[in-house]
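Okay, got some structures for you below.
One chain, subunit A, links the two complexes that follow: it is found with subunit B in the first and with subunit C in the second.
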Partner chain A sequence: MNKNWPLWEIFVRSKNGLEHRHFGSLHAADAEMALENARDVYTRRSEGVSIWVVESKHITASNPEHNGELFEPAQDKIYRHPTFYDLPDDVKHM
Partner chain B sequence: MKTNLYNYILELGDNCLIAGQRLGELCGHGPSLETDIACTNISLDLFGQTRSYFQYAADIKGEGATEDSIAFLRYEREYKNVLLVEQPNHDFAYTMARQYLYDVFHLLLLEKLQFSQDITLSAIAKKSIKEASYHVRFTGDWVKRLGDGTEESHEKMQNAINDLWTYTNELFEVTEDAKMMAEEGIGVDVATLKETYYEKVTALLEEATLTVPESKYFQKGGKSGIHTEHMGYLLADMQYMQRAYPNMKW
Partner chain C sequence: MSEAQQNNNGAERSLSLEEIFEQRIANDEKIEPKDWMPEKYRKTHIRQISQHAHSEIIGMLPEGNWITRAPSLRRKVALLAKVQDEAGHGLYLYSACETLGISREELYEQLHSGKAKYSSIFNYPTITWADMGAIGWLVDGAAIINQVPLCNTSYGPYARAMIRVCKEESFHQRQGFEIMLTLCNGTEAQKQMAQDALNRWWWPSLMMLGPTDAESIHTEQSMKWKLKRKTNDDLRQQFIDQTVPQADILGLTIPDPDLKWNEETGHYDFGEIDWDEFWQVVKGHGPCNKERMNARVGAWERGTWVRDAAMAYAEKQQNKKENQAKAG
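== the complex of A and B ==
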């Protein structure tokens, strides 16, 4: 029997208007405890305004062994980046 | 010097200081990384409140007193904290039960103290209410989890509640200083909090499937400086640095 509490992935929104970002993971017996633990572990220096917790087992990850077929075909298709346009000076944050 | 006010501030501050010291002992020793950080966070909240109280007390006392001299250089008989908060961390159930029994009182007290005629005490109370609300939520959750958990966790939490119950009544004892301060609209008459306190605690213990102790025998003495045998060890640990290296700073 696994004596550890289940693992949870923690997502924190650092400011209103920004998206939740993955901050790390921690152990907790249930979602409520995961939120409280996340509050103490990840937001005690006022890093956040909102927390999501997801039990790690619910995350489906791509298999690193398949990286070749998944990601490499995109490498020689530079035309998928919008790099052939001249940006007007007024456009910022690109 | 306003002796009544000074003593009353120590009553408020010493509870935070000693409760914080006990929780701080778990730093690096908590049952898991997450609970370790949670307990030390609560401890730091309480030390922050202690600092506000003692800076104010040092101003009133004058004579070169500082928050540090008040925290670290008094003798055991001069500490006015209730016996509850100095009880040791036998196990995690004990720690959570002790802190919960204090937190419920602490929040009720702050909710009244924010209306104090003394603007400094009122400001400290207003700032501390949010912290105390989280503390009681955190420790209350653990009392419920362990009480309504496994057979073993239930037994440990029940034992902790049974042992600590005898120290709860002292929270509502009104000292001479506190009585004067309450009459002047500066302090809180803690006796008026008693009924609500036991209602809240009883409701949570029942939810946690725990038995509310029926004992009518209660310990007291802390507020007048008569402490349990645990206090000396706590102070030795807490005061060692300032006693061995007077005025040392980080």
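== the complex of A and C ==
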């Protein structure tokens, strides 16, 4: 046979009120085993209250070589930030 | 598009990419898996991270030897937790290494065939319970000194794995020191057992920090990439300076007649390390090299049917789901 266990990406919510954050990855035969392994590998000291597992092949990532086209257009839109607008100092609560 | 990317001349283009890359590292930027990197950077990182991962996995064996014979339940749960952490550290590191484009199977293959190395310290035997104390105190102590600077290394996934490893490692050293302290406060025979363990682990622990700077072929490049932040000799001196006062607290004698405080340098002077022994062990002629590899390869081979069965079960469940969806 010789079929290798696929790779899974592990996301953990460290406590309620916080988002799930990427913790790392591991190999497992299926989603259920990925959850069990993630419990042992990433939460041995109560680091989490919830775990998501996603098979790595399902993640589509942006290419850092295209960072220019993707992210630079935001750089000259300074009018999206509150400090762009001139207000007299005596205006309060704004 | 940057100037480097617009240049069509192959050789000049790759040189410029490399310059940009070195600049990023000099600016303390992190390199992430999909970023362009020189092939040598990738290869060096695969070598170092995998060697580190293999050391965690093989490092479980000398301590696993004593789990069933721990002298109390307190000691047993602590040792179990420590060995489990080591498995975890190996897994963090393997997955960091896989982001560089090498598969887990290739990594295991390199370990099992002897192509990849692991820390030579794990080729020494653990013959008494005091060895559990000495390993935690000295071997984990030296490992922490090695690992703390790596939390700042340039490759993102490695740095993140190391932060987690370092957070967990400090209990390892404390539990080891506590074992030593208990033995040293016990009967004369127990204290002797602690001294004997120190005698056997002291020199291999110093060797663990790597060959002297003059002999270390990778140091210069690794310093530039921040894969190493201090030289082997600096790390070794730091380890000796902080460990000697700890031995004094235990009331044990470091097995080095040349060891003495140097008022001028503000460091301990120490005796000659037997580098022939170090290279013998690295080359496979240590007391337990064969035993360790047999244990590791044997466990992997005996586990084949379990891995295959898990995969077959997963596929069966998947097919069942698909068939139900079609029928429904």
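Simple rule for what comes next: the second predicted complex is superposed on the first by the 77 of 94 C-alpha atoms of A that agree within 3 Å, B and C clash if a C-alpha of one lies under 4 Å from a C-alpha of the other, contacts with A are read in each partner's own complex, and residues count from 1 in each chain.
Assume a contact is a pair of C-beta atoms (placed from the backbone, for glycine too) under 8 Å apart; a residue touches a chain by one contact, two chains touch by 3 or more.
This is a predicted model, so every value here is computed, not measured.
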First, second, both or neither for A:7, with subunit B first and subunit C second: second
Which superposed partner A:27 touches (first subunit B, second subunit C, both, neither): both
Touching partner for A:44 - first (subunit B), second (subunit C), both, neither: both
Partner chain in contact with A:36 - subunit B first, subunit C second, else both or neither: first
Touching partner for A:63 - first (subunit B), second (subunit C), both, neither: second
Residues on subunit A lying within both footprints (that of subunit B and that of subunit C): 5, 26-27, 29, 33, 40-41, 44
Subunit A to subunit B touching residues, read off their complex: 5, 26-29, 32-33, 36-37, 40-41, 44
In the complex with subunit C, residue positions of subunit A that touch it: 1-5, 7, 24-27, 29-30, 33, 40-41, 44-45, 61, 63-65, 68
Residues on subunit B engaged by subunit A in the complex (per definition of touch): 32-35, 37-38, 41, 137-138, 141, 145
Of all residues in subunit C, those that touch subunit A in their complex: 1, 32, 34-36, 81, 84-85, 88, 91-92, 95-96, 98, 103-105, 160-161, 168, 307-308, 310-314, 317-318
